[in-house]
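Both complexes shown next keep chain A, but they swap its partner, so chain B is in the first and chain C is in the second.
Entry: the complex of A and B
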């Protein structure tokens, strides 16, 4: 069973990555909204093991940054000020998983704030913002995909199982949704919802919009699965024995759809994370000060940031392993037990 | 011909359906363009309600829809509150710019994807195949947004390409050739971003489709007859694999239109993307509906084109339609 093993490899990778984001409070050294107005746009600090004198230190350290003379935004390392990293330190207060109050952080430095990914215009730590932003982006991707799949499953099962005018009506509706390019559809839905909302409302709004946008394609796939499952001998036999429709759907037909469900989930989640990023990037999603992967990148819309502060682009690189994980899992699942073609 | 007629009827149904759907969405809208004015103490409530009446925002939905349809027939597509002008002329200029990007990007992407996919399928399991498949996987992992921003960073750092916009400030004073050069330089980055974002998907599908027909007996026979490898691949195998690819062609238009929306905003290309975003933020209702409808028209048009191609390329469809 080589296929199964590679699938579990991808699952382990994804679980590890998600765990880092779920426990963002622990892995992030600071609160994502905490500002340090004296240090805007600090470049990332390098982690060193060897100091300026060439001595090796077992404990990694960073150097404090100072302005280069004669400039106002060029920094250089101040090798005289060494900030050793300490691990499992007490730092700012946060709630682990949203309810366990604690102050334990994976790493931190005494006396001075450290910025491993640099800081943004308010001097907020980009690393912390990336980790906390992942919570928003990944959760909206996961929940959005969940809603979409449930909707798609219901519609597909209804259309495939009952057939007739219901099938006809639902599939025509699905075609309407498929006839719109998805980003336009997203825009259209977002356009008619309130613009100025609190971050939490915006978050749920986005999830609802995402969930409503994508149901058509999975619905068509599930309809196909249900149609073929309906004609299987054991289903016919069960029907002959007098099984009710609900029982047939629950017991015999929906389990057939589980493979498609999993594959679709692996394909949809990254798409929805991207959709959330797009909306937040354009200012239609989760607003400041709550970080999300989209609004982390949105500062790059300013020309000056793009030119001078290259590290603001780093989050785009660090998020790629997440997409790699989902891509790998999706294609393995497809190869493994998925005779249905994705796309048209 | 009934096949084509049926497809055309379907396209018209989709357009009408989407317009109704877009209007239904507007019922959900909690505010409208004139809400902002209500906060302004200098504007009397009577003026606002007069404006609302003028633009028929207080009429029931079916009547608004009927009026809008008649305005579409007249070629206005409704009225933009923000620009104080009919929507269609505003929209068409932007749509032209968007189409310029998407069509060029599509030609480029397919032009690269076809030979690359065929090459990869020809060497199934070999080094080229692995190179191509790991290359496409690497490209797939890059989010569209990161890709567009990354290209912009490169442009700004290297100075090879202008960073954003469609033409230079001095465009009007340039000679004809210089104008074309200027436009091409501005187009290069958005087109690269768009083409790269759809390329991996296309290459993978071309590879899969061609690989599937390569084992077909008629190809073995042709090979046995000594038909050259090139003819075999491009004149025998590719047309046989065309059916799923033509469907993909329609699908890729949708992806490109969506991608274009984002790329245009990032690279400040004066297309539908920035225009629509602005309209959403201003609650300029008919512009949003017009933009959405126009994008549907492009997609449906593209799909119809795909149907035509399929009809031309696949004899099975023709005979099926004949019976």
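Entry: the complex of A and C
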């Protein structure tokens, strides 16, 4: 089964990427909110193997950066100060998976902080912020997509299977939701909430909003799948033998929809991650200093950042494998689920 | 920068017109300069203008009797060529310059001045300047001696009465008298006013307005200033205001050469422009008069105040708590990270840009967490293990100290300050959240509903004289932000500040006033109702073709000498 193998490749890729984010505390060298106020907008440090004298080092190292005279944000490499990378070092305290207290980090340097992706305006490590930010963004994407799919599946199955006035009612409702200007809705919703929303509350608010707003499209899709499934010969036959509606849904119709469900999930997750990023970019997401991918990119709204600090774009590029992974998986699932239509 | 003084010649050869002669480079006539405004000015009428954009435009179209020099911050003659103060300090006799005409050619005389003050003082005209002309509720009395001489009678001696005249535009009686009598004078002077129905005494007059795009002013041919070679000013034919809504867009317009001058720049954009400066000069004019500060909600709990806010106010009212927060803030980091070093730390309301009124005795303690801990301990706070691993600050009843700081979302600098404060206070176990709010709803919370914990805001002083901040100081003032518009001073120290500030207003000499004002600054420091943070430098830039570009730290930063700005020769030809 060639299809299954390519699917598993994508799954392995995604699992690996997610593991890095889940174990962000281990892979990130520093606390994402820790400000290093002496080093704002530090460009990424280059990892070297060969030093200024041309000697090769088996242990990679970076050079410390120092401010150019008379500037605020122009740095140059100080080749005299070599910071060798150490692996499996003791660093800042964190809780692995949220409960195992530890200080072990994949890498770090002694005495000085190193910035492989540069630092932001407060001197916070962009790499650590990216990894921790992924936890917020990916989790809200996964949960948002999950809620959406469950709601969509229920509504779609009800509408498609029972038809009649229920179908009409639910589908008009779905159209209403599609037509809602949800961004303004969110602004309005935010105004009703108390002034200060804790990061956790904000996170759940985002998920609730994403889930509640997004169900209409999948619902229409599932309705179509259910509509066609219930007219299949074996479903008619089962009905003829006196199968109950619940049995039909459970045994015949929903399994038929499972391929579509999985494909939808793979496509919806990155969509919801993007939605979270949009909200955070507009300042409606999780509040600072908690990182999320949208928060990371929101500094690009400023012209000065856009033209001065190229490494502030890097998070956008590093996110790509995540999105590619999901979309690749989605299209493979679709091919696998509908082998005859694709013609493979 | 060289402070160039203006020279008023006592008697001009041409007796008909008494010009004010300005020193400075002699420029070329002609050309236009384009400046960006953040938004359309709301009005051209000095009687109703309150927004910065209107003030900037009106500044180029109107003139005052006595003007504050934006460079040396002292008063100097303008439409009044001289003034005398009576020995009791109650009577100011101003002599008008001869032969001055409005921009429509109508001559100016004492009747215009009388009319102007009549309108400003009329309660029904609702002029924002009215408050300035009242002394403990009693208005200033204006009398005409002859067509060139006017006497202003003050109800009380006032140390710097001549500074009051700065910015009080003298209105054209021949145009405004009839509408004033009909009670419609406030509705005049919209941007759509036909140019021939509007006149002023400033260097430029209205030419054209294109809604949403630009406002074009043209040279006032009757202007009353000349350069040292007796060329009538202004040099420019046109002054164009473009409406460019965002700071970043203004930078782009300036970079692409669409605008010639830029001011109100943030430090980050300033360094972008400085780095790639080719045909423009960027000038850091030095510390300005903007002061940014953090304040806690110290207002009286009303019926609407939630129990939660009232509970938090117990901490805020504790002076040691406020002193601790002040000592915990890393002001140096604010200057470095928010202003890229182009600013100064602040410990009081008077910024380093205001050299005359600064109290050098104010302490400038370095950040010390040990001192902070001692202060908090002294006020009954303690540390305990909270929900997270870090230690949490607890009040005397064991409640964790948590509050939010609101700030206006349109100002990235202040949001950044709040984020730095958040981190500073986290190190002490306080949980702080930063909430950016739209400016109107922020003001509504601070001055009306009073539902907030703490707030980061900034005020831009209009003048170097302390009286421009009077509403911040007085407990009855609307911008006495931590507890605005009080009927009676809530605390003994606020009462004392009220007394000192009122006394300095009527003190006769600078030394007396300074002593009283210093004392008020010290009381403010001891009680920390406002925790001062930092003050940015005034950052400006101009195309290299613009001559006489001398930015000031007072508003309008780059247009204060607009009548002297000129384009160097080649540039004039290019724009023609």
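By definition in this document, the second predicted complex is superposed on the first by the 308 of 344 C-alpha atoms of A that agree within 3 Å, B and C clash if a C-alpha of one lies under 4 Å from a C-alpha of the other, contacts with A are read in each partner's own complex, and residues count from 1 in each chain.
By our rule, a contact is a pair of C-beta atoms (placed from the backbone, for glycine too) under 8 Å apart; a residue touches a chain by one contact, two chains touch by 3 or more.
It should be emphasised that the depicted structure is a prediction, and the values quoted were computed from it without experimental measurement.
Student: Quick check for you: in the superposed arrangement, does A:319 touch first (chain B), second (chain C), both or neither?
Tutor: The answer is first: A:319 touches chain B but not chain C.
Student: Could you look at A:187 and tell me whether it touches chain B, chain C, both or neither (first, second, both, neither)?
Tutor: The first partner, chain B, only.
Student: With the two complexes superposed on chain A, say which partner A:303 touches: chain B (first), chain C (second), both, or neither.
Tutor: Both: A:303 reaches chain B and chain C.
Student: Which partner chains sit in contact with A:195 here, chain B, chain C, both or neither? Use first/second/both/neither.
Tutor: Touch partners of A:195: chain B and chain C.
Student: Which of the two partners, first being chain B and second being chain C, lies in contact with A:151: first, second, both, or neither?
Tutor: A:151 contacts neither chain B nor chain C.
Student: Considering only the touch criterion stated at the top, classify A:284 as touching first (chain B), second (chain C), both, or neither.
Tutor: In the superposition, A:284 contacts chain B only.
Student: With both structures superposed, pick whichever of chain B and chain C touches the larger number of chain A residues.
Tutor: After superposing on chain A, more of chain A is contacted by B.
Student: Mind working out whether A:208 is in touch with chain B, chain C, both or neither, as first, second, both or neither?
Tutor: In the superposition, A:208 touches no partner, neither chain B nor chain C.
Student: Once the shared chain is lined up, is A:35 touching chain B (first), chain C (second), both, or neither of them?
Tutor: In the superposed model, A:35 contacts chain C only, not chain B.
Student: Once the shared chain is lined up, is A:227 touching chain B (first), chain C (second), both, or neither of them?
Tutor: neither
Student: What part of chain A is shared between its chain B contacts and its chain C contacts?
Tutor: 195, 283, 303, 307
Student: What does chain A use to touch chain C in their complex?
Tutor: Touch residues, chain A against chain C: 33, 35, 37, 40, 71-73, 93, 95, 101, 121-123, 195-198, 283, 287-289, 302-305, 307-308.
Student: Mind listing the chain C positions that touch chain A in their complex?
Tutor: Contacts found on chain C: 248, 251-252, 266-269, 271-272, 275, 330, 333, 336-337, 340-341, 389, 404, 406, 409, 412, 416, 419-420, 422-423, 433-437, 451-452.
Student: Any idea which chain A residues touch chain B in the complex?
Tutor: Against chain B, chain A makes touches at 172, 175-176, 179-185, 187-195, 274, 277-278, 281-284, 294, 297, 300-301, 303, 306-307, 310, 313, 316-317, 319-320, 323-324, 327, 343-344.
Student: Which positions of chain B touch chain A when the two form their complex?
Tutor: My answer: residues 13-14, 17-18, 21-22, 25-26, 28-31, 137, 140-146, 149-150, 152-153, 156-157, 163-164, 205, 247-248, 250-251, 254-255, 257-259, 261-262, 265-266, 276-277, 279-281, 283, 288-289, 291-292, 295-296, 299-300.
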